[in-house]
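Chain naming follows the written order as A, B and C, and within any one chain the residues start at number 1.
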Amino acid sequence: MDLSVPQAVFSVRRPAAFLLEGTLLNLSEYLSRVRQQAPVIHAISNYVTANDVANVLLACGASPIMADDPEEAVYITRLSAALALNLGTLSRRRVSAMLAAGEESGRLGRPILLDPVGAGASPMRTDTARMLLHRLPVTALRCNASELRALLSGTHTHRGVDADRQQAGSLSEQIVFVKGAARQLGCLVAVTGETDLVSDGDICFVIRNGRPEMSRVTGTGCQLSALCAAFLAADPDRSVYALAAAVCAMGLAGEIAWGHMTPHDGNAAYRSRIIDAVYHLDGETLNKGARYELG
Amino acid sequence: MDLSVPQAVFSVRRPAAFLLEGTLLNLSEYLSRVRQQAPVIHAISNYVTANDVANVLLACGASPIMADDPEEAVYITRLSAALALNLGTLSRRRVSAMLAAGEESGRLGRPILLDPVGAGASPMRTDTARMLLHRLPVTALRCNASELRALLSGTHTHRGVDADRQQAGSLSEQIVFVKGAARQLGCLVAVTGETDLVSDGDICFVIRNGRPEMSRVTGTGCQLSALCAAFLAADPDRSVYALAAAVCAMGLAGEIAWGHMTPHDGNAAYRSRIIDAVYHLDGETLNKGARYELG
Amino acid sequence: MDLSVPQAVFSVRRPAAFLLEGTLLNLSEYLSRVRQQAPVIHAISNYVTANDVANVLLACGASPIMADDPEEAVYITRLSAALALNLGTLSRRRVSAMLAAGEESGRLGRPILLDPVGAGASPMRTDTARMLLHRLPVTALRCNASELRALLSGTHTHRGVDADRQQAGSLSEQIVFVKGAARQLGCLVAVTGETDLVSDGDICFVIRNGRPEMSRVTGTGCQLSALCAAFLAADPDRSVYALAAAVCAMGLAGEIAWGHMTPHDGNAAYRSRIIDAVYHLDGETLNKGARYELG
């Protein structure tokens, strides 16, 4: 994992006030690379959202392969540019496949994205997420704040995936928390919520794209995780920026899709419109629409 | 299970002719409670329709958690206000999870909804449904008429999920059958078809919402079952009314969605429009559009 | 499998130039039979695309049953007019179910459609596909060219599902290849790609329906395979023609659906529109829109 800072950014590593919306990075580059390279992404995903994950990967220009059996996981990993692990609808069989695929991915030096869905909701989820973080060279963790807290705390919180309504502290406290988590876990961390934070332990992007209604569509988090894997696959040498670009892209797609909603559209129509917005997203729109700063 | 009759209803427990369409219950109350309480529903569902089940739960205001491994099922159940069991794409592993989750749910006194998908189509389905009914304090069974007959008959019928085209007798015979089933099984029964019947063994709602085209969308039955679980979670003390409200809501959503269809729309568009109609359904529309009587 | 040639075709078994677009077969007959017979299709499918497979079966007038447990597979097969096996998201348990269901289907003389998703991507996929072809009386294989090559070659190619970009030779070479494959495997073969080829080893349909954008929607291949099973179930005595009719129908639905796309629609909207186009497809449209010749 190369965390060196691109020149364009290094020159502005000063207070966040200097980092105005959409001016920091040329995000279009990251999207273009995904579309040009069409990376194959091995996704070991839950069955609730697997179809959407596959379609959002196709929408961004990547190519999904889904295989969750220990017997074939390593072969599929070898064909793939990155690995996306998602703990939803977990089973022992799938955990074995994740471990085998992750070890092979590590040997090959390819990015691994972990989405610890429901960490904190059961010991199986929490323990599996920790075990994978411990045994695999995870490149990036993409989760919500309660899942991250469950992974970092010594005890199981036994709270549900929906239980993250308590106050999470001020933005600057959150930034300190996420930077610390990245350092402690030794990987990139992307925590999404009302505001999204992406950190490598040193810098932290504060991203304000997205719509609250995205949480009414099942699997938008899973889709984002897959998108992160695709962006990491296309830009493994600038991984924290690629990760931030993916988070901006998904949030912006949610905003654009919301703008396309008609009066009778609900969460099912929104589900399709978000993927369609990823499909049509171009670099210029991404550069103009991304709202982020460095915290 | 508290089957006491709310005051508003008790006063009109007279011949069905007095119970005019939409005047019996204030259905909007039941919908409002789901939206206000946002109950977490633990759904152990088949993988064919799991995404739609999750999205319809989000559409009605509930929050889905899906976990089907015996190792974690009880933990997820503890976080949840109700449990929805669906026998589609059944496996031994999932049966173990259903049993563990159901026993925990029973200990906690929380509603359990059982959808015996395909009962009668294989001994595994029929036997599993009966075993769950025998061992768990099931609150409500939601199925079609052929599945119910398979559960009640001494033998396997070996008929398919589509085999329910024979005449099922007059409406009054159906009502007697469903009331008897509820008494025999010791739980609420919601049988859906051309006309939907919801009974606690004593009263029986005859519900005439819905569109025949809903059967051309896979999983509308699974979605209804999840919706029933959400309504039961929000109103456990008025469960037969909550169940009837859920059945009216789903059928009415099907009617509203049908009204939004454009010329090229087919069953895939209808699939989304139904969930979207649940998303936008408000209490006044539900009260006005529900068509039911007591049989 | 009856491969006798219908009279209408036999009279024109002359050079392909005589077989003008849409004039060879009355394709509407094949579609009508599916809609009239409403065959029950037992689909053992992957969880990524299972929902779309079920909905496209409903769209064409068939009725899906999905059951993938070895314990119940044979019972479900007995209820069904055809069996569709799909190797996506493969597992040992599902392989056992496929074998049991396939043997029962063979005993009952009912069509079996095999979609060897990802053959060549892992030994498990390749070996399972070969084993099923060896042990079951497979009626038709529906795949892409790289999967077919993997099945026929002596070695594993270890290429991914997306790896089929190399030149595949001239059309006449492809025809020779597919005819030879059908003879070697002893079953019908439908290979889809830029041009689709359907052969029984003797004749070979060259089908030019479809849109390249269909490959940006996950599962269009799985859907086509299910459609093929439905057409085979309705016309088992004219199986190669039924198979060609299904391939034309799916491709044409993709073209019609593309014509319904609006500016913001992407692959998610296209996904629904394709199924909707199958839902609305009528015989006259199919006869007029099918573009094929005999090669």
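The definition used in the following text is that contacts are C-beta pairs under 8 Å (C-beta built on N, C-alpha and C of every residue); 3 or more make two chains touch, one makes a residue touch a chain.
Predicted, not measured: the structure shown is a model, and the values here were computed from it.
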Requested in this report: If you connect every pair of chains that touch, what shape comes out? Choose line, ring, star, complete or other.
Outcome: complete
Query - Type of subunit A:subunit B copy interface by residue overlap (half), same or different - result: different
Query raised in the report: For subunit A and subunit B, what's the span in angstrom between their mean Cα positions?
Result: 35
Report task. Could you list which residues of subunit C touch at least two other chains? Result -> 47, 51, 271-272
Query raised in the report: Which of the residues in subunit B end up touching subunit A in this complex?
Result: 38, 40, 47, 50-51, 54-55, 58-59, 63-69, 71-72, 75-76, 78-80, 93, 260, 271-280
Query raised in the report: subunit A touches which residues of subunit C in the complex?
Result: 46-49, 51-52, 88-92, 118, 121-125, 158-163, 216-219, 264-269, 271-272
